[in-house]
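Per-chain numbering from 1; labels A, B, C, D, E and F assigned in written order.
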């Protein structure tokens, strides 16, 4: 299959934070943001693979900034790396100040999707070719995350997770 | 503050999977499950702390089993460990076969919440005292996850993450 | 069919009261609570019968306590009695005080469900065997309610509703 | 206060049955219908009282006909009787055949509401003056239902529920 | 096909404005009102045609009055004119003052629907016979709107839009 | 106030069509699309004005293509022209073929918003400076639409709607 670029899967989902989505402090529920990110990321994975895509995993997500009621939230998702049948999607979340219009980063997250056919069987996806410096960095980090995921799932020995091991051995 | 047990925060949320929550394969969207788990886990954190709680982070979540339309899904959340102002909540997700009634594990996830006062300032929470063997195991693992989280956030040196380091050094 | 106990069908649904479910006094709409109770009770009926279940009737429901926005509400449903193809489900609703954590009874309700096959035809369900004293009381009262229901529907003569009649004749 | 007629509070709510509201047989969930009836009835009670109204109780509701996905459902609510601070609302539910347009009765239900001021204190409502024969019948039956409700709540002795008692004594 | 009157398709949808439907000024979002009007109008078109109906167009809609949170909103839709396979539906929106009960006009809108068979092919609908003076006026204006629509779509020359042209030539 | 360009207000909202939003032909309800377009357009108007914005009117909208269940729909909104306190927003709707990924135009619409302060009083907005050829065309057409709107509302004599009149006089 012909390689695609991250920008071919880039998906932008801008929407308001409504009262039914907020906690007692009038901020967006973490769970609602997780659901929005999943929808945006699944569209990105579908744009890359042209297949039905199902969420396989969510990487560690930190909620560093609260998102107040009435905010304009922009979720941007794009493929960071494609494996054989799975795709890692990197998601950036931005919010805008109502008065200044200033846009600040609220969150980022990494979801993995598997492409499946109509019976749910995993199916191959095109490779990816990063273009920008940021895309290249995310592409390389994706491999380390894949190794960590395999180690934690007991499917790869820590010893074989070459890239990951370097992280801990470096300052031993 | 007086220590509480995990069972004091245990929260059970049983509900159906409705058509508006399913993907083209008629399975529950990953994002919807993430949102349900967040609601159950935030109630568990609130039961432990008696405070407003906000989602601080979501640990790696793997979606191993799909959850079909019409399933009965049970989300069970209980505190695994309390830190000074934050709480780790362990979530188990079960689905039931419609005919046999057999209950199988569909997912597990780990969310972290921070207790805050009415102005959003973090506030102390009671310590936790695990009772069962499973609770004890999850309590101990919570410390390793906290270290990994701090290392990944650049707030702890890998060298100081004693428990975590052992995992990778063991077979060096 | 082998008898089951009420605890085998017990269904716990704990969730928050969200802003989109509240009236101008910021309390949960009665209708929303009726809908939540229906979902929990239908799962209890399904757990008992392992069949599709449809709501046949709702007994008199009194709303004695309002349920404020942000409350944690727990709906607990369990079979009180099984008839040939129908099942009476008893529902208890609890709310928790945010600060003390004290749990108080907010409501109770009784719904009746019919088990049906995939074409909608009523089908037999297992008998029930109450265990606790409360389950025994609810089991016995279920028969009186069934009689009242038949009398009100004109399907049983008041004279034949032996148990029910005693209630009014007792102090004649 | 000046008496009003039932037609002054009559509320008509016609809407479609959407996929997110249906059970595995593709019929409207009982609980969804209970919630729609509550919204329509609360508007009727508000039109009569010009106050905030809260659901006090739901009388026995029988679901005799299923309501299929895509149906046009009409919920009609109007006051049957006003007491000092409470109002009984009678609700008729109709569905229309898609092809013939024939309209058939699907359900009826009786809800009771209390009028409250902005602090939630019960407040007086205008009396009602039935006009048609059906309105007169429902007006009279409302008194018997009120007595049954008080007896069941232990607030009136069966002996004093004159109208209700006659029902059971008649054939003694 | 036998002609029908506008009153045979009249559809009344009364409902509350809920918090999840309001903007930062606590007024109903324009878009939510557009969606409610579409549902009511599509039911009116279906009542006239006894067919599946799909929205073909929305005429110019002006939002002259805001609709506050908690309002009772009544959407009334009825056919103004039937063409061969399409139907123009006129929609009036009313809101009621909570205290006086006074009903005021909040909006009006005109939607056009096409009747289709189960495969989506346009199919003929019955003619319409206006009865009241208002129905007659709306019936006549519907033709001018149809012409304007055809002119704007480039399917009719302005020169041939006899009725419409008169509007601009009159004061030339 | 300093002029802004249309691209400064451009808002992209990509999302899936879910089952709860579709009609009996499994296509997106017209009303749901109208509501999505309103949300996207109100964000564009807010980005231009940095104010609360309320929907003032919707221009004629034609639904030329149906949008099937499961589609990826992209709503793109950007200011076409700013008047003193009101803004015209042009909205393009695209859908993507699941297999080829081909993107086709499904709809376009024009909404007008008014910027208001926190008390709901209209307030001035920055002028706009179109950049591309398409933006220039839409900017010019916006004036004709404004005139037509004023004529239809009886606030401008057809004789004074210079640009508009030319359209009908041209071939007289």
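Basically, a residue touches a chain if its C-beta (ideal position, glycine included) is under 8 Å from a C-beta of that chain, and two chains touch if they have at least 3 such contacts.
As the structure is a prediction and not an experimental result, all values here were calculated from the model.
A.B. asks: Quick check for the class: compute each chain's Cα centroid; which one is farthest from the centroid of chain F?
C.D. replies: Farthest by centroid: C.
A.B. asks: Of the chain pairs A-F and B-F, which one is connected by the greater count of C-beta contacts?
C.D. replies: Between the two chain pairs, A-F has more contacting C-beta pairs.
A.B. asks: So how far apart, in whole Å, are chain C and chain D when each is placed at the average of its C-alpha atoms?
C.D. replies: One centre to the other, that is 20 Å.
A.B. asks: Distance from the CA centroid of chain C to that of chain E, rounded to the nearest Å?
C.D. replies: 44
A.B. asks: If you look at chain E, which of its residues touch at least two other chains?
C.D. replies: 19-20, 24, 39, 42 - these are the residues of chain E that touch more than one other chain.
A.B. asks: Touching pairs of chains, which are they?
C.D. replies: In this structure, the chains touch in these pairs: A-B, A-C, A-E, A-F, B-C, B-D, B-F, C-D, C-E, D-E, D-F, E-F.
A.B. asks: What part of chain A is in contact with chain F in the complex they form?
C.D. replies: Checking each residue of chain A against chain F gives 11-16, 39-40, 42-43, 46-47, 50, 72, 96, 98-101.
A.B. asks: Taking the touch rule as given, give the residues of chain E at its contact with chain A in the complex, in rising order.
C.D. replies: 19-20, 22, 24
A.B. asks: Quick check on the complex: what are the chain E residues that touch chain F?
C.D. replies: Of all residues in chain E, those touching chain F are 23-25, 27, 29-32, 34-39, 42, 52, 54-63, 66, 111, 116, 118, 120, 149, 152-153, 157-159, 164-165, 167-172.
A.B. asks: Residues of chain B touching chain D in their complex?
C.D. replies: Interface residues on chain B, with respect to chain D: 18-20, 70.
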